[in-house]
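Heads up: the structure comes next, in structure tokens.
Think of it as A, B, C and D in the order they're written, each chain with its own count starting at 1.
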């Protein structure tokens, strides 16, 4: 009886678990070179299409953690200071100069932004950028809690994303819009 | 099937025994050994981690503060007195005395849990800052679980004694409850010396 | 009042009349019988019922682990095979290891103990029946949790040893490793509970006259192993629950080198449990061998004392050699040599036991029935594994063999040869006692030969593969490595093992369909468990027997001396002194209860919930308060009829 | 034929271990045979007593005999074990022996490839390569082992036993190859998805050849001459390859992936997974996940022309 009960309970979350745990490896992206994609950030390709509040890797632990690795390897912290902000804007707060929607962040990374954010569309593949999107969003608690990364094997310079309280996705002005008061 | 030849009669044997004659005493002892051993392993790990640091506590980490923990040590030692009286009364099957002193014991043990909350923060560092913090928090945290368990046990026992007449064998269980409390206190004194006083010495 | 002087006072020819026994039996039935139906099934605390369930569940786990192994072998059958990708393969080999070690090998040995120890020491029940049920349900939680996770693509994928930092959050995102850590937690709880239960049962509930030097070797093994569990399991519980799980859930730094944590600490903690673990599986199996050898050599075992002593020394040594799993890590040379010495030393007590059994067979009149065949299979296979074990104890050689298929071969020779083969022998030997039915000898022999051949064909080539450079835990290998042919052979052997297990299952089903035909003592064996009907009644013994020697049924061929006077109008067990087992007291035995299964459910909420949110932990603990209250709640049953002993004085209450 | 085997020793260390193995194999095998023989003898010897129904009756004298036999067996066991212990200790000493100064090579384990650095007092002359270690024969070479992410284990069976690479620790390992050749090794500690395809090759060559290789390897290639390779270089620098890889003499100086400075001089690609041929390289770049599912190398979307040019450029990196 308890077996059945347990099974039933978990069966409900089964789909979630599958998605969360899926190891989505770097597929060769079905649509040509990154450059074309980044020009239309809202159609980054069939497998990765997203126009919603959910990035393709937001609920995928492995993808988010790959994003975590990239964030470090691409030295994003050089400007964003481990998300705390420095030369570049902080990523752990809820201030989003160019919007917090996945596709907006994708555009920010792929195209680059004023005041020194370089364009990564020639350096990273779509999937890598989407993984970064998931990680950046996890930093400020915009992604589901369960797949968010815990601590890294490094010096503890910032609270781990799995500790950040959940936040409402904000959509403060698209490119060009002024910052929130 | 073999025929059975009566060669002795157990009818005259007692049905309620105390101390090492009772099963519960052995069971309690078993779990005391398991929990003590777990704590020992944690302490060994604590010192293993300590090897990775020049200074203990690590740089930019304050010493654990001693006020609250010291108070709690005193409270715990004091709370052993009613525990002792209760177990003696239980051995005399003196129900009124047991009830009376169980109330006292309950009032003595509850503060230890309350104090424990500040005791955790008296470590003066978070568990997720350094391995030192993790080790200290794990040790104190694990002891907290034992402490809460025994406090709940004591309160429940007291409650039962007042709700309805208890079977005679629960006098024996009451004695074992006191024994377990002595263990919890002894364990805490060791931890107090290692986790709170230790860093100032080693 | 000891059995002996009782013998003097009572005339020897008085025996209990059958109808009198039947009346007593029916009274006891009324008191001890478990209720019918689902409720009874959930609330039973009968150690035989629980033990039988334990045996069935653990054997299901054996089959599950075997299926995973079959998948792995099929994947490795040829180079570059694409049946399984790395992700699935890693999940499968981790689940295989976790299942076989935590959900099959250890629990099935304790399950045998839970079922047979009370019978063998002549007790009516186990010391803490409700705790016993709780342990079983906790174990069931582990089983369900791991296998639901497997199908939810959340099975652990870092090996059954879960080395950090691979299992640390950065390199194992998601909850796969959390599943492993909590499954381990549940199995630890179950194992510890069973261990305490068996220790107390053996110390306080032995039949009058069964002084420690008359305790059957099966029980000795169970006792020693229970002590090992008490000291080994807390180690892995510390590692997995208090360190790894907290590292992952609340970002502790136990294993984070950058913050003072240490990756080697995990290996020490894990192997300090992990090595005794092997002997926790192996010693009970040796306990099975002695009664089988005695019974089928028609001779009392040679060197009882030597066997007991080797049991104990093995247990001690086994805590002193965990580092031989870490010879490739930076450990000081001297330390390594010490552990080499210890690892070789432990071969001596094992050798002594094997020699004693051979001597027993030599000087007896062996009959090659199936259980005996499996014991011979044990010699044939295990000795091989033991010798490679001694080789691996050598630091220099281990530097080559470590983490290769040579070790895979070694550990399967030891665990299958030393654990599973005696276990199958035990199945054939005690199946009649549990079910009242014999297993087919012919099918048994088929089962045996397929198994022995399969095991050796499957695992012997792995020695060569290892020496030829094939590492463990690879999901595939390149054709040019030349490992293909031997891997193919190994895979075929694995299939043979699978077939032999199918034969065994068929054998069981076949005899379960037939009418009971065993009788109380089909093998004319000597232990007390054979003095009662098969299957035994819920109260085990109408009257507690008196053990007059190590082999009561062989030495008291005519009639069995018993202690009368235990109450039959309520559940009562006889307690005796710890060493020379003199009757000491009658002890109240709890009624069936729903709280064990309820509390196991609370544990599930606490530990599985802890992966996701601390609120589950609080909630689970809150719920468990109800359970604890219910557990502790006891009415004042027949208070006036208790006889209380405080120290020496006996008081009659009311 | 075996491309990596502990039973085909090519170095001082591996050979002493191999001797130890054959010795233990002989003794161990003999013991196994003895026990099994004893088992069958026991069964035969007992056959005579079949049917006689004196249950559990054993004549005292045979009991005495048994005691003698068993204690004899135990004594033999003890002696053999002592012999094993001594032998192991002797070999251990032999393995530990090493000179005070020697060529030192740092090996850093990554998921799932090997970074190789030749120590040099002058950092600019520090040679960095990957997955292929060149060593001179006939002299002790010191390996400094460390890990960048998880635990790996360095194991080249023909040359030496294994040594773990553990984050937070640096371990050392000594190799003295005594005959030239290429020896394959493989990560021996489970390290994740591609543990199975994390191989390396040790190329042992005469000191002269080694020095020649070293000199050649320490100097970057001259920039490509033909137009295809030039285009290929531009692709490499713009399409994202340079984000992870280094090519000496160019602006590509990233250290996330293996250094490709002398890419073509290596026998294999993808950490010993594929032979370093044009087709393999093209296939690898086009879709690494098909060859090593999980590898950190992404499939960079390239037009066919770009891919061909890129590969021709890599071909020039001799």
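Operating definition for what follows: a residue touches a chain if its C-beta (ideal position, glycine included) is under 8 Å from a C-beta of that chain, and two chains touch if they have at least 3 such contacts.
A quick note: this is a predicted structure, and the numbers were derived from the prediction, not measured.
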Quick check on this structure: which chain has its C-alpha centroid closest to the centroid of all protein C-alpha atoms? C
Which chain is most remote from subunit C in terms of Cα centres? A
Cα centroid separation, subunit C vs subunit D, in Å, comes to 38
Whole-Å separation of chain centres (CA-atom averages), subunit B against subunit C: 30
What whole-Å value do you get for the distance between subunit A and subunit B if each is reduced to the mean of its CA atoms? 47
For subunit B, residue numbers touching 2 or more other chains are 128-130
Touching at least 2 other chains, the residues of subunit D are 149, 167, 193, 293-294
Expected list for subunit A, residues touching two or more other chains, is 23, 151, 153, 156, 159-160, 163
Chain-chain contacts, ordered by label, are A-B, A-C, A-D, B-C, C-D
In their complex, what parts of subunit C are in touch with subunit A? 38, 42, 87, 137, 140-141, 144-145, 148-149, 151-154, 165, 168-171, 173-176, 247-249, 251, 253, 256-259, 597, 601, 604, 612
Where on subunit A is subunit B touching in the complex? 151, 156, 159-160, 163
Subunit B-facing residues of subunit C, complex: 1, 3, 6-7, 10, 12, 14-16, 21, 127-128, 131, 192, 195-196, 199-200, 203-204, 208, 230-231, 234-235, 237-238, 242-243, 246-247, 250-254, 256, 259-262, 265, 268-269, 272, 520, 531, 533, 542-546, 553, 556, 558-566, 572, 574-575, 578, 583-588, 625, 628-629, 632-637, 639, 641-647, 650-651, 653
List the residues on subunit A that touch subunit C in their complex, please. 1-3, 6-7, 10-11, 13-14, 17-18, 20-23, 61-62, 64-65, 68, 146-147, 149-156, 159-160, 162-163
In their shared complex, subunit A is touched by residues of subunit D numbered 149, 167, 193, 238-240, 243-244, 256, 286-289, 293-303
